[in-house]
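Each of the two complexes below includes chain A, the first together with chain B, the second together with chain C.
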Partner chain A sequence: MSQASNQDVGTSMMKSLNSTPTGSSSSRPKFGSQGLADRAFNAASAENNLINSDLAHRVKLNLDLQHLWTDLSVHRMPALSPESFKFLDAEELVFVLGRPTDRLYATDLYDADGLPSHEWILPVRTESNWSIRRWVSVFESLEAFTNESIKRILMAMYTDDSTVVYYFVHNGLIKPRKNG
Partner chain B sequence: MDVQSENSTPSSIDVSFIDGEYLVFDLEAIKSLRNDHHISGILIGTLPQVPQQSVFLGLPLQLMPEEAALLVQKGIGRIIDEEASHGLLMSTDDDYDDSRRAQERIAEIEKPAGESRDGLLVYSTPAVSGLTDKVVRSESAVSSIYDTPRFHVYKYLHGKGFFLSPGLRFGSQFLGYPGDPLRYHSHYLVSGFAFDEEFPLIDLIGSGRLGTGVKKAWMVGACVPTGSRRRVNNAGEIEMVIKDEAEEDFASFCIEWAGFG
Partner chain C sequence: MPPKNRRNLNALYPDSLPVKVTTLPPLIPHNPISLCQYAYALLLGPFISGFKQPVRYTASLEKTSDSVSSYVSGIFVESEQDMQALWRSGFFGKGSQSRSDPTWELRVVKRLNIPGREGMLAPEELTARRREARKRMKNERALAEAATTLGREIAAPALISDVAPVEIANEKLQVAEQVMAKKARAEDENLLDSNGNIRRLERLEITPQEAFFLTYALDVLDIYDDHTGDFVSAPHLLGLLMPDWRPDNEFILKYVVYHHYRSHGWCIRNGVKFGVDYLLYRRGPPFSHAEYGIVILPLYSDERRNQDSRRDWAWISGVNRIVGGVKKTLIMCYVEVPECIDTWHTVEELLKSYKVREISFKRWMPSRNRD
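Then we have the complex of A and B:
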């Protein structure tokens, strides 16, 4: 890395991360190593990476470290209509389940233990496409898995620069919340 | 100042089709649309002296194509082809009888014009539409709208009592109001999709964030083709959900920013 002295620190860091042998046989990009080659990989296979446990663990980490959620776990469940998705690992949907620091809605009820209730989070890649059929299938599969009616989930959109944004997806019509 | 309204609502609302736009010129029809059918439309008539102002707009009322199509589909209204109707009146036929008959009808209709109206609104504009037989466009002129995702989501929300207005201001197809737009803020930025139509998740982020920023939700929906829903039965097998055929199956979702991230 001696010839890299005229490069800025960020670029040389990225280079060194990419060129460092990981010692692992896995071909998947490692967390924190989003170099140009990985970006190209992600763009080309955004659909293939639509839903997978790798993504789920990154989102789980983000909820844990950045948003201080607790009681986090990753759940795999069979998709009732796997044909709705272009690619699924073993025809399974992967969800993250966790408890926020406080209830996300002023109208939400607390659990019996006085803590905010758990939320289901579906991790997806920002580059991917979505459709109404996929949401229908996601809610059906989650309801079959939990055996209860699911009114809302969170979708976690994961970007190449490791930004994660979270959105509510409500099943059916709701009144928009009053507080901003 | 009270304008007396005849209690009888017009049995059929005439929607004038002019140059690709759907317009309503009758005040009673407009009141009926708003009060009885929760269709508000948009007043687009401006004052001849100050054509640039957009604060005091009056007749006519412009309807969205979906509103016009819904009126026809429900049998509430009919679409008048004003160009053809006008041509019928103005046709310079060689046939003397026809033109004389037209002259007679013009004289006949012009005679009581204006006087019978209640004093408040007297227009000097000749009521051209009253002069001739109206050429009604057949339902097939709007039935192509019936199969569009826009119409599906319009009809779904309208059926639930929502008022809908054009959504251009927020980059959506419609804005959904829980009641009269003069009394309520809108709840939804509305976008209808086909069931399998794909959209980039970037759109979800953009519309969801914009909607939440203005205290609305991004409402999306699609008609669900029969046999598309699944569930797990008591035996643990995946089976199709068979719905009542008479009931149209519509899937709707509301998107909001989660408030963090």
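Then we have the complex of A and C:
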């Protein structure tokens, strides 16, 4: 990804962050029986929005804190053919973009700066149902948003105890690797 | 088999549930002295043990609303003390930034080399270490085998199996620590507050089933609505978790199964990584691997509905091969769904209208398994 487009999505991310309904951590109430540690916890979340109940932000935080990815950001984009998403939230898709600690496939190329390329991550819940039409829409929406051809994304499936399982979803077939 | 990490697991995890149980002295009906002792312990026990308040924990409940409705999007334990206590007595919840117990802070201390804070190894590090040692062992074995086939005299093969695992582990640890120290990121500045302390960014997320078990069955957890600050009682929580009140609502089916196995003394945890609903541990994750994978299936009194919701062979076979591949046994847990749950009065009566039946499932190969 070029530096210029990176800047653009960065600013659009800031906008979407502010409009997140659950994002205003200042409105987070503090209840009586909490100890000192909890107040520190709330203060921390007010500081720069690292804790956010939003699914995408939970996945972003997990990639940041547990898997040590870098350069992470959240992106909202209009869903093409939103009718295939009638059970999802709205007419937009939310992705996380970030850089892994190393390339995810042995055949992946590194970026010009010698670092592994960015990956697009789609946060989902185990409850969501998937169809081929929906996957087509996911890839098309992302391609329209980035103006790039997207070969694969990572699906981050978030379960109700904060376990996140990651799966590759490839757009079509991929060549088998030599010496797998 | 003794625990590999040489920690005294029984001392670390003495309780299988977060409740304190007092044992009464034996009661022998024809022995008046035992009678007195019994009555004394029963009546005065609570006073003798120093007016201990029953232990209570606090969690907060987050809701997300979309255009249609609002639903529970997570239940979190946030105080460090409660997080540790709920993990240590019964292995409830999961650290939001850890594989299982909340060790994120510990790992940050090690990774960023924050001085003055040495401690135990997080399970993630233990696994990494074990994998490294294993890889090294395999490499050495391959070398030794190659050398033997070449016919050279080499004293190494005997050595390989005898290399003290501790030595390998220690050496590997040093390497791992060096690698970790190199990996500081720009993002890591966000992890510390202005005083250089690690910010508390990890919470313990508990599943709706765990939350309801802790509030309703054990009554040790107080849940508050994250947005309004209101106390959420057990019946209220049930209403939030099964808003449609269908007899085969996913929450209630999962809860019935959860309650069933907890009542039988099992440690029951999420099985999403293996494509099943639950995993059963004899005592808990630090003690041993899970022995069983549980798949929950509704069982209706109307046979047509059972036919409609039937899973096909490809699915069962697939799940069984995954579960079997990690040396667990698949259990299909059928929950008999009552036709109607409108007439219940208490949560207990509601739960009593569900029944659990199990079938355990194991692939058998005639050519291999003789017993």
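As a working rule, the second predicted complex is superposed on the first by the 117 of 180 C-alpha atoms of A that agree within 3 Å, B and C clash if a C-alpha of one lies under 4 Å from a C-alpha of the other, contacts with A are read in each partner's own complex, and residues count from 1 in each chain.
Just so we're on the same page, a residue touches a chain if its C-beta (ideal position, glycine included) is under 8 Å from a C-beta of that chain, and two chains touch if they have at least 3 such contacts.
In this text the structure is predicted, and so the values were computed from the model without any measurement.
Visitor: Taking the superposition as given, does A:Leu61 touch the first partner, chain B, the second, chain C, both, or neither?
Guide: A:Leu61 contacts chain C only, not chain B.
Visitor: Answer with first, second, both or neither: which of chain B and chain C does A:Thr70 touch in the superposed model?
Guide: In the superposition, A:Thr70 touches chain C alone.
Visitor: With both complexes overlaid on chain A, does A:Glu140 touch chain B (first), chain C (second), both or neither?
Guide: It touches chain B, and chain C stays clear.
Visitor: After lining up the shared chain so the two structures overlap, which partner does A:Val165 touch, if you call chain B first and chain C second: first, second, both or neither?
Guide: Touch status of A:Val165: both partners.
Visitor: Considering only the touch criterion stated at the top, classify A:Tyr110 as touching first (chain B), second (chain C), both, or neither.
Guide: In the superposed model, A:Tyr110 contacts neither chain B nor chain C.
Visitor: So, does A:Thr126 touch the first partner chain B, the second partner chain C, both, or neither?
Guide: both
Visitor: Identify the partner contact of A:Met157: answer first if only chain B is touched, second if only chain C is, both if each is, neither if none is.
Guide: A:Met157 contacts both chain B and chain C.
Visitor: List the residues of chain A that touch chain B in one complex and chain C in the other.
Guide: 62, 66, 126, 157, 165
Visitor: Within their complex, state which residues of chain B touch chain A.
Guide: That would be residues 160, 178, 187-188, 193-202, 204-205, 208, 211-213, 215-217, 219-222, 224, 228-232, 238, 251-261 of chain B.
Visitor: Residue numbers of chain A touching chain B in their complex, please.
Guide: Result: residues 62, 66-67, 80-81, 104, 124-133, 135-137, 140, 143-144, 154-157, 164-178, 180 of chain A touch chain B.
Visitor: Which positions of chain A touch chain C when the two form their complex?
Guide: It is residues 21-22, 27-31, 33-35, 37-38, 40-41, 44, 47-48, 50-51, 53-55, 58, 61-62, 64-66, 68, 70, 72, 89-90, 101, 126, 157, 159-163, 165 of chain A that touch chain C.
Visitor: Which stretch or stretches of chain C touch chain A in the complex?
Guide: 58, 60, 62, 64-67, 73-74, 78-81, 93-98, 104, 111, 183, 185-187, 190-191, 193, 199-203, 205-208, 210, 222, 224, 226-229, 269-270, 272-273
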